[in-house]
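Both complexes below contain chain A, partnered by chain B and then by chain C.
And then the complex of A and B:
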């Protein structure tokens, strides 16, 4: 039907340049961007941070702020020019025809208004609808976005619902006025994989149902593969490639696109085949772009022409658009890794060696104080948040344990307990034979030295007034691992290992990029030559190419120093790439633990199965089983009886009586092999029968 | 087959204050023949058609060239549009044949689709023709046969069961009272991937039915 009738594009950008006025001139953040979005189509815009993706989105809505403006080109919405539209017309467009959804739903919602009130405001203000009628419409829309218990949600405040639900409210709000164009700027980046999967499904459904054109901005190649019909790749403010989603992944033409795809670990491929190749260098700042091709300094196929002549975006015979002089001649298979980028061999290590860390039935409860009088004088019943419940595992020297799970499942608490930032409620934990259930205050200095941590956010864990050298040398002075006169040499040696170089010694944290800061964080953790390094989401805040570099670095260091790692991440593809052993946690309970390869293949715990089916995979040819968990993670103060997962388990009806036993009895550990255990009532035979979640399509790429 | 399935969602629209010249340019550039005029909240206020923008030839001679530009520059969408009270509209949840009936009766080529006075789409004769095209399987290759059958219950079933008995599938079908032949119906069926002569032979063998037209279409 849609093929039959040709309709004009909803949004059409022609040679757009966006500039910001700054002190001493102007910066062109975005240049030469042209694309179209048709109705019922999703255009995914990908690229590293600082490539001008968000600037482009703001330019469409004229949200650029006081110093930004569209310098050249035209932005046409439904055939009408948007550049220069102001005042009442702009307000009307924003409210009636174009809607936007941002990354953080909490910032889009007014915390002091009930959700029902802020939603119906859209209708009463823009459409002059009556209050009761508006509320009715809002309720219908909440049902449309699969919000459980919509009537009740309308009466709540934003902080009373979960992040995924907040994002659904924001999406519902954006759709209330039936917009022709929906701009989504990283709408799922802040959400858990399971919630992300549900939101992405929702976006795809709504696009079909409402015929809305969607401009979808993200840095995650997996998400793009799942939602988009076409993809535009941006680099340093320019559009470098534009093609259908199948073409981009099967046959990337631009060297940058090829590089991006080489950076991400793939869940579909096996571990031995997945090697990450980071792109060398980094995105040039907008005021210092090369004269020729913007990507030339980082390109492996650079020729003389690329240095002094800027390529145009041109169409190839197969219909995709690319900005490269040599797109037809470049054969991605002829690409060889750069000499300076080492890609450490990613071997499966032996798990049967000497155990370095043994944890048995570890528990961590936090006491919750009530606010009633009884609680205040200490007579009330004590309640606990059961953050970690009976965690047991062993870690062999030189191996990596990956910990995965949704937010709030106790991943971070587990490693904080191990490192001693939190004391243990009960259970045993031995590190090199020493008991480590006590608080860090009571620990021996030599023990602290052997246990170090890398944090998620390098910004907030570095003293902004200390230079890089000082940051790294502090643990050396403290633990006296290095004689005083050799500290500087040792720090420089570490910096070299991190590929930062001696010239970073005197820099301050603010002079570093995100990836460099994380390298300094890792160097600091390694400074005392620890035996065990605990990494709490060390790469989640980083761009894919930087992430690849950091992961390779960690692998290399692990091989060189034989360091043992505990690695927390919510990205299951990263964990698979990195770990020898994986523990899946849910509500403080380890649900499944075993060698990495076994976790990602049947038999699965039903929760691991659901997590795997939710991971966005950057390859549209890979088939994934469709399993979506309903509802959100229950409160840890009052975890469900029996199996903690029973309230959301999609597999419990395989048991007699619809899984009554799951509600009352704590499940047994099913031993699949010596190392692989699953915490579930389902017998091993049934667990084994689960089909693999991820199947490579037979078609060879 | 409801209006909401075949209408064009998110049509291009203008405000009443848009200059008529801009509205005209929008219609030409985007090759559209109908332009809804909406106020705040996409409330329908009127409709501009290409006819409304046409200057009658008799007026052409009387206009002074200096006057033209002055007149045109002042002209706004609200001055040239068909006003809301003179417009026929439709709701999205209406059957297509009902919409066609309204269009025939009012002799209009397009109906704005409104829900509580808010424009949610537009349906034109082209959308109707698109439906007819799809209904009769215009876009697939196959054999299209027209059979004249008596106006009795059970005649269509004879055709379908004869085709089903051969393990063929009907891709599209339709029936209308035979023109100028009271007591008969003309039934059109389209069958894919079938030898033309075999199909005709099977249909001819049904007593009381007359094959009146056979044609093979390629896509």
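And then the complex of A and C:
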């Protein structure tokens, strides 16, 4: 550490403010931000959306667009002032000494150029290297980011490799010039957990190996815990806390940081034993920030002084920096939930009750049409995408089934089939005793009414042309559940239950925030008083504090109306918290199904085990087993024979013959208990021997 | 001004405020403002002509082929009629009234160009929404037929319709409807295909709503912006088409003066009286250009607003 102090920091920001010129004025998106990053250090920047994280990254690169500029302060890169640098000098810096990795790798790579050409261009332009030499270096770099078969990848186009590999190429490209500073803006947000885990490992390795300074922006507290050495928390354009990663999680000083950590379910926490506490209110828009402390309207410890005096970022005796007047006096354990959060009671559900939905051997295949002449005239061999294969489960009234798995594993298709947006290829499905293998067009209106859905994307869940009231009342009119003259009252009652209030009745979707839109979406689904609500990733597009509020809301509703829920999510902690029963899907096949607590503890299916070990956990002291899956999910058109997971299974070699049987034979269902089943060739005894993935460790890292 | 209205609290804006909000967008764009001024000029002239024109547009009161004078501001035509009066009267059939067939001389409000565009918008939207939302065979059949229709030169289509049905305001409307519908349908189809992927359409489907409800109550309101702008452009094309038909002598029937016909008749005396050709030609082009500028500016401003 002492050695590091001698050289100047790679990046040093002092009291930076960034402003955007807009119609009728100017908006200061970022204010009073100061921090520094040294060599070999990763500074994680966290905060909810709209807090100015990305703006900060663009400010460093002077990439703010036509209407943005650094209003105050200085940004020093290796001692050199960056504010005001333009033209050729700026161009030299970008890509040569400062490199950036964005969220979506597909958009960072040019789809019409071979990867090798794109990569070597960095070297031929910035370093004036010869083409052959440049290609050689690119190849070495691809090897260093653990890209299998680098020579081959160089010849391919971006669409020919998977998302995780694309992100590796982007990272390799960023590292080619050996940049002193690497800025990463949510580089793993668009990836699956298993791929994300591998990329995060890579980033940690590279920091050690290249001694690069990394500025890592993310909204995910778990990811920060895994990659960062220090963490800066941003709120409403200001830096509110800065400390080492251990300090932040063990001893958060700022009330906002404390609030964020309370919002996220811990892996293993469930709804019966723990409660999520959302932060009340929402992030203020940049043109309407409070006069005093920016967080004061949402702070539980607010004092008179906070309202009119803006706190400065100051160092506490233990070394962490915090922007709070009362940081020393605040005792997180004295924190009490707001009155509006009811502590849910009696949430443990009986899985053996009356089944409301029974699915047996449900299959959904999509026909794919080839492009050969034979296929066009209909003579070609018919091929199918096997989106859902032999799904079987039972759902008890009033319980929640969580469905997890990587993208493309058939989670969404499963619920689309249940709700009737897609018809069933074969198998049985009964809902309340009625057959529901048909499409929704052939269903009785009273049956449709009992099955409703909540969608993922808050921006497209509401029709932009109608008011909140019109949209919630439509199901009531359509199903005639409420007499015409009482519809308005009923809608307002529902709005109240969603904690929105009657004044939302006449609002249009564009006047609502993401969380509010999602609430309206839930209200609309509940308007016909359905028995079963299917939720397709209802919280994954939301900020953590909003996510906590929506989850609580769903729990409350479930309790009040005794609604049954099917809950799809890719966040395993959320699923664990929210569900009574969990199904793990892989390539259309249910791999493991059982009560939530059983899924998250041994015996595991090897795939569940791998998923669990990939989840980023917002606690740097937790020890996680290291299991990384090779490659990506195979195509569902030609799923592997035998066990679909055998191509990536890390546990196959436990079987005799290195698991030959997995390649040829479909595995049996291993009954662990009445409700818990695992679809695997491994005998129960071996499965039971797996050590738990997550262990609390008391020792310091 | 516009900024002010946006920043006002959104609690309960009055109807007037709402109207101002939706129209203020026009003044954000200079192009749209200029276009609107040009269009308004003709609309005001048209209304004025309902009550007053300088002279009787169809009376041969003056010397033939005279240049502009204090008496006849724009001069006279080959029959000694006042050109200004004829131009003013000519806007009526285009923008303000449609004469129904029969001897009664009854007309309905809304000009031939307006009704023609309303016709092509409705027909095109119905076809396009069906093709775009339902997809599959519906899409194939509808779009193939429309593509075949597009393959004909428009002028031939006009000639076919008019040759089959004879002259008249309603026939011109029908001709404009048929030639305009394929374009509108293509636009409506692409909008429907985009909008149908949104979750609120899924929500309507899982509610068991009928296909027609989804098309007209869920999709159409969100497609109305681009469709209206397109419609405005189409009014321009329609005026152009009416001018062309008039020039060919198969446009709007007398007694009302028709701009295209005015050009055609004055063409014969072009060497002695050029201005008689120029005035109606100028009228057609300013109105069409005005509509184009208005629609373009509006479209630009609307897409900017969304982002």
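The working rule: the second predicted complex is superposed on the first by the 683 of 701 C-alpha atoms of A that agree within 3 Å, B and C clash if a C-alpha of one lies under 4 Å from a C-alpha of the other, contacts with A are read in each partner's own complex, and residues count from 1 in each chain.
Convention: contacts are C-beta pairs under 8 Å (C-beta built on N, C-alpha and C of every residue); 3 or more make two chains touch, one makes a residue touch a chain.
Remember, predicted model here, so these are calculated numbers, not experimental data.
In the three-chain model built by superposing on chain A, chain B and chain C fit together without any clash.
Contacts of A:421 after superposition: chain C is touched, whereas chain B is not reached. In the superposition on chain A, A:457 contacts chain C only, with no contact to chain B. Contacts of A:478 after superposition: chain C is touched, whereas chain B is not reached.
Within the superposed three-chain model, A:445 lies in touch with chain C and out of touch with chain B [touch as defined at top]. Residue contacts after overlaying the shared chain place A:78 against chain B, while chain C stays out of touching range. When the two structures are aligned on the shared chain, A:317 is found in touch with neither chain B nor chain C. After superposition on chain A, the vertex angle at the CA centre of chain A, spanning the CA centres of chain B and chain C, is 120 degrees to the nearest 10. Touch criterion met: A:180 reaches chain B, while chain C stays clear of it.
In the superposed model, A:511 lies in contact with chain C only, and not with chain B. Between chain B and chain C, more residues of chain A are touched by C.
Minimum Cα separation between chain B and chain C in the superposed model: 37 Å. The contact surfaces that chain B and chain C form on chain A in the two complexes do not overlap at any residue.
Within the complex, the chain A residues that touch chain C are 23-24, 419-421, 440-441, 443, 445, 448, 451-453, 455-457, 460-466, 471, 474-475, 478-479, 503, 506-507, 511, 521, 524-525, 528. Considering their complex, residues 1, 4-5, 7-8, 10, 39, 78-80, 89, 92, 95-97, 126-129, 177-180, 210-213 of chain A touch chain B. Within the complex, the chain C residues that touch chain A are 3-4, 6-7, 10-12, 198-200, 202-203, 205-209, 218, 221-222. If you check the complex, the residues on chain B that touch chain A are 6, 8-10, 12-15, 26, 29-32, 40-43, 116, 118, 120, 126-127, 130, 133-134, 139.
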